[in-house]
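Labels run A, B, C, D and E following the written order; every chain starts at residue 1.
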Amino acid sequence: MLLSLRLIISGDAELWSIVLLSLRVSLTAVIIAAVIGMPTGAALAVGRFSGRRAAIVLINALMGLPPVVVGLLVYLLLSNSGPLGVLQLLYTPTAMIIAQVVLVTPIIAALTRQVVEDLDCEYAEQLRSMGVSRIASVPTLLWDGRLSLVTALLAGFGRAIAEVGAVIIVGGNINHVTRVMTTTIALETSKGNLALALALGTILIVIAILVNAALGILGTPSQRIAHA
Amino acid sequence: MRDVATAFDAENVLAGAASHTPRQAQSILPISVRDLAYTVGAKQLVKIDRLTLTPGAPTIILGPNGAGKSLLLRLMHGLIEPTTGEVLFGHEPMNARIRRRQAMVFQRPVVLRRSVRANVDYALAAHGMRGRKRRKRLEELLEMGGLAPMMRQAARSLSGGEQQRLALVRAVAAGPELLFLDEPTSSLDPGATQHIEALVHRFAESGMKIVMVTHDIGQARRLAGEVVFMHRGHVVEQSPAAEFFDKPKSQAACDFVAGRLLA
Amino acid sequence: AQDKFIVVQSTTSTQNSGLFDAILPKFAEKSGIEVRVVAVGTGQAIKNAENGDGDVLLVHAKPAEEKFVAEGWGVERHDVMYNDFVIVGPAGDPAGVAGSNDAVASLKKIAESQSPFASRGDDSGTHKAELRLWKEAGTDVASASGGWYRETGSGMGATLNTGVGMGAYILTDRATWISYGNKRDYKVLVEGDPKLFNQYGVILVNPEKHPNVKAEEGQAFIDWLIGPEGQAAIADFKIDGQQLFFPNAD
Amino acid sequence: MLLSLRLIISGDAELWSIVLLSLRVSLTAVIIAAVIGMPTGAALAVGRFSGRRAAIVLINALMGLPPVVVGLLVYLLLSNSGPLGVLQLLYTPTAMIIAQVVLVTPIIAALTRQVVEDLDCEYAEQLRSMGVSRIASVPTLLWDGRLSLVTALLAGFGRAIAEVGAVIIVGGNINHVTRVMTTTIALETSKGNLALALALGTILIVIAILVNAALGILGTPSQRIAHA
Amino acid sequence: MRDVATAFDAENVLAGAASHTPRQAQSILPISVRDLAYTVGAKQLVKIDRLTLTPGAPTIILGPNGAGKSLLLRLMHGLIEPTTGEVLFGHEPMNARIRRRQAMVFQRPVVLRRSVRANVDYALAAHGMRGRKRRKRLEELLEMGGLAPMMRQAARSLSGGEQQRLALVRAVAAGPELLFLDEPTSSLDPGATQHIEALVHRFAESGMKIVMVTHDIGQARRLAGEVVFMHRGHVVEQSPAAEFFDKPKSQAACDFVAGRLLA
């Protein structure tokens, strides 16, 4: 605790650059994942295609994608001897964002599916009557369900900001380049500097709380209107 | 909800229709129901061999609770798939084009989690209305439903009657040619009920086909051109209003009108 | 970050010791080349290098390194420096090996007394060295795995954490040990046996295999490292007065 | 792929013991986390105490607990020099379960809160009218919301089965004792056996799919009744 | 829903009451509303200085849509907190003990996502009924509501009228001494409406205080002991039924009854 306080107050420049990189990578990843995952999840909720059940099971299962595996896949993709090697993205923040997007998208999609399905259960016939096709109803459902969807976003953010397995493989935890909070914590742990590692962990959680407080405002019950 | 408004509105509803749904060559009427059955598990909830609803004065559907009235409306409006049989509009089964030409007010209104205004506007947008025209129409509709004063309020927080009025104006927003109404005045006060009845009457006169469920016998008498009487999932009789009310063919209908029929 | 940079694939022991943080700035200052170190398991480092995801390989597993060059993945191997392995253990020293300078004998004692021993078990340079010693000691550790012999299958630091946590003996490289922060009551018990010698080598990844290897900058780094300045820098790197690595480039 | 297939078919005994340990640890952890997290989440949803908002933000933020940090905390707790050292739990599957419970409980609690709050929005006045106190309504809401809560469980399971940071610290990834799928994958990766690591990853995902298919059945839309 | 059932049930409802809520020394009546105000943002939705509802024949609350009837019921039943003022039962404010002695049927029934049977049973359990007694009561109630044939069906899938009947029997499950009804027959067929009116009548006679909102003037005439007329959130008048219907004190009330009042 003390240590973390001292670290924060001393406003150690290096620490801050690490914190900022963590936020940059994870927030970017979550935004991209949301842009992909929310429509996907909503489509799964309203779609009436065959194999829908299977797709839902799959997306739910993908919430269990191991970060290390995702890291490896992205590594093999971006490696110089991999298909996208030419892009020279390995060991860059971009690579870390890609890995986290893969990791977080299923989480946001699966949770969105749940929320949207519950809402659709109420809206479906009304929208259909208004001539809104299943697919056209997606934006409506996402919009009217936004308060509940905030939690899905936060779950995705939690996963992104906390994971280390994927970013360390594709980022390489290179000092000043791809070192983020979690990789630093892992490094300090392996150096046996447990106190420092915990201090950094505390900072990470404090940051998570701040981000949640910010995003959370959107999803607070006070904004709901009780049913007449 | 001033009365002057209504006359004006009634035309406008159709104006709305005319303007954006250029009358197709063939009409979506008559509605022909053929060998229609809706079954859940072992329970046959609706079973109708033949039923034809022709253009003209409103068709009022009467019947005890649980007779299958709402299911029939949902089947005709294509909200649920029949187990067997089909519903034809003109000579076509339901399709996107036909759907845009009809609308329905649910027994239990479903309002979007938005403002009153946004609810009506959504319906207009859904029917592809844009810009100035849409804004103008929006105001007319809010006026027609007496909702202008509370248009910024969350639709969820409206009173029961207000929600029902919202549902109605939302349904007629794009000027449908065919309108299904499921007990649209069940929670309206006497004044509002009269107002809506007057509207329905005008809609009908200006060529909109109304298919309406009600439990208010008086209302049925006032509005009905013909009556369809349902009982236990079947259409027991279909007769011109006058006939139905002075000498119903079936015993069930007699008892029902007298309030003697027990579900 | 400068625009000119190379990627060095190396092992956790070198990174954890803090060596790179100490010497790289000096090279960057001189050459204007930023050195980006990816510290992973020895096996992974070599694999990454074979994939061309690094310009220079710096590890301590001589046979594997020579194989790497023989197969044409690397250009040429140079000795850079050495340090030594030590056996650390709890002050209690249940196997009574303290003060010994005979690694093999000590391991025998540990095996006989069935005292817990934490092994990296990850095919790293350190792990391979350890297995060589067990072989000499004539102990079949495979059969003891899960019993007193515990393979943590992780890096040096993690293995130290685990070992310290369960009061086990651990073979570690001295550099990692000195810079290690979670010692508790642990001490170096066995050291000074020539068999505990730990040689580090550096190799330029073969540009003919991977065109986008930055051969020029990579070679520049190697030349500096095995040249007088680099060697001096290595020698100067100390933690509380102790030298961690001993330059021995030929 | 091929490799994984061969591994599975060959039914390698060691592999299976690892797989089973993974399942045992994660399923146990999820069950315990559900027992703690669901009532907590529901209580947060229905409770009307001061500081509720803060509590919700906190629980949401804790979805971002870094596995490594959780691992360290549990490590310090269970290590011989820690408060619970006497229990001698460090480097046992029990320790891994504890760590995963800490990791998963906030996820289940936060997602439960969301689901229950949406349902309560509909039920609150009716239950109150029937003289059911806020707290007494928790079981009712959990039961009637069970279909939607399945997804929360699955999210928790996904996190547990996939994480490596915590279990490797408190379990030590000791061969034949505390080695699970994810720690094995991490090990093979560090050995440079990427193909094998990926094969194991594939197996892990297949397992996740099976578990989801099993649990998922409960939450399939077919079981819902459209609103009248 | 056989009529024989009802007489029998009516007693039973109170039997239910007597049996498990031993009459407390002091009654929960009269209900006294003092300086009650309910405001949302700048809008004052309800403002009632004094209103006292005494034991005896049913009190019927009339008023146009949006008058504040439902809000008033929810305020009295303690479902929403007044902005200012208070509601007293006897001389006490609402508390758990008082709540168990009253019940309410919502304008828009909320049924649990369970079977019909489970919905009624839940209410019984909530009032601490157990074992054989509860099973017996459960059957009586399903019978009373004419729901026995569909007791295993998901309550959500009931028809509008069936849901309303379910809500009613669920409310009287534990034999309340005070019953708030918000348009309880709005979607019932004529037969069911008569049935429910008969029930309400009997409940009242056997000592249960009924406070009921309706838009059906005929129904009001049939059931009302006294009428409370609301308009724009205020209680405009409170008079004995006879008086109210032949010469209402206020112009608004006149217009309303004549269906001339526009919200």
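Please note the rule applied: a residue touches a chain if its C-beta (ideal position, glycine included) is under 8 Å from a C-beta of that chain, and two chains touch if they have at least 3 such contacts.
The structure presented is a predicted model; accordingly, all values stated were derived computationally and were not measured.
Enquirer: Suppose chain centres are the mean of their C-alpha atoms. Which chain sits farthest from chain B?
Expert: Taking each chain's C-alpha mean as its centre, the farthest from chain B is C.
Enquirer: Could you tell me which two chains share the largest number of C-beta contact pairs?
Expert: If you count contacting C-beta pairs, the leading pair is A-D.
Enquirer: Between chain A and chain C, what is the gap in Å from one C-alpha centre to the other?
Expert: From the centre of chain A to the centre of chain C is 35 Å.
Enquirer: Just give me the whole-number Å value for how far the CA centre of chain C lies from that of chain E.
Expert: The computed centroid separation for chain C versus chain E comes out at 81 Å.
Enquirer: With chain centres defined as C-alpha means, what is the inter-centre distance between chain A and chain E in Å?
Expert: 50
Enquirer: Got the chain C residues that touch at least 2 other chains?
Expert: Touching at least two other chains: 40, 48, 155, 158, 161.
Enquirer: Can you list the residues of chain E that touch 2 or more other chains?
Expert: 70, 107-108, 110, 157, 159-160
Enquirer: Scan chain A for residues touching two or more other chains and write them down.
Expert: Within chain A, the residues that touch at least two other chains are 75, 122, 125, 189, 194, 226-228.
Enquirer: Touching chain D in the complex: which residues of chain C?
Expert: Those in contact with chain D are residues 40-48, 121-124, 145-146, 150-155, 158, 161-162, 165-167, 184.
Enquirer: Which of the residues in chain D end up touching chain A in this complex?
Expert: 53, 56-58, 60-69, 72-73, 75-76, 107, 110-111, 113-115, 117-118, 121-122, 124-125, 148, 151, 154-155, 157-159, 161-165, 169, 181-182, 185-186, 189, 194, 197-198, 201, 204-205, 208-209, 211-213, 216, 220-221, 224, 226-227
Enquirer: Mind listing the chain C positions that touch chain A in their complex?
Expert: 1, 7, 12, 15-16, 20-21, 36-40, 48, 51-53, 155-158, 160-161, 164, 179-183, 210, 212
Enquirer: Can you check the complex and tell me which residues of chain E touch chain D?
Expert: 74, 77-79, 96, 99-100, 103-104, 106, 110, 112-114, 122-123, 126-127, 154, 156-160, 163, 170-171
Enquirer: Given the complex with chain B, which residues does chain A contribute to the contact?
Expert: Contacts found on chain A: 122-123, 125-126, 128-133, 140, 144, 225-228.
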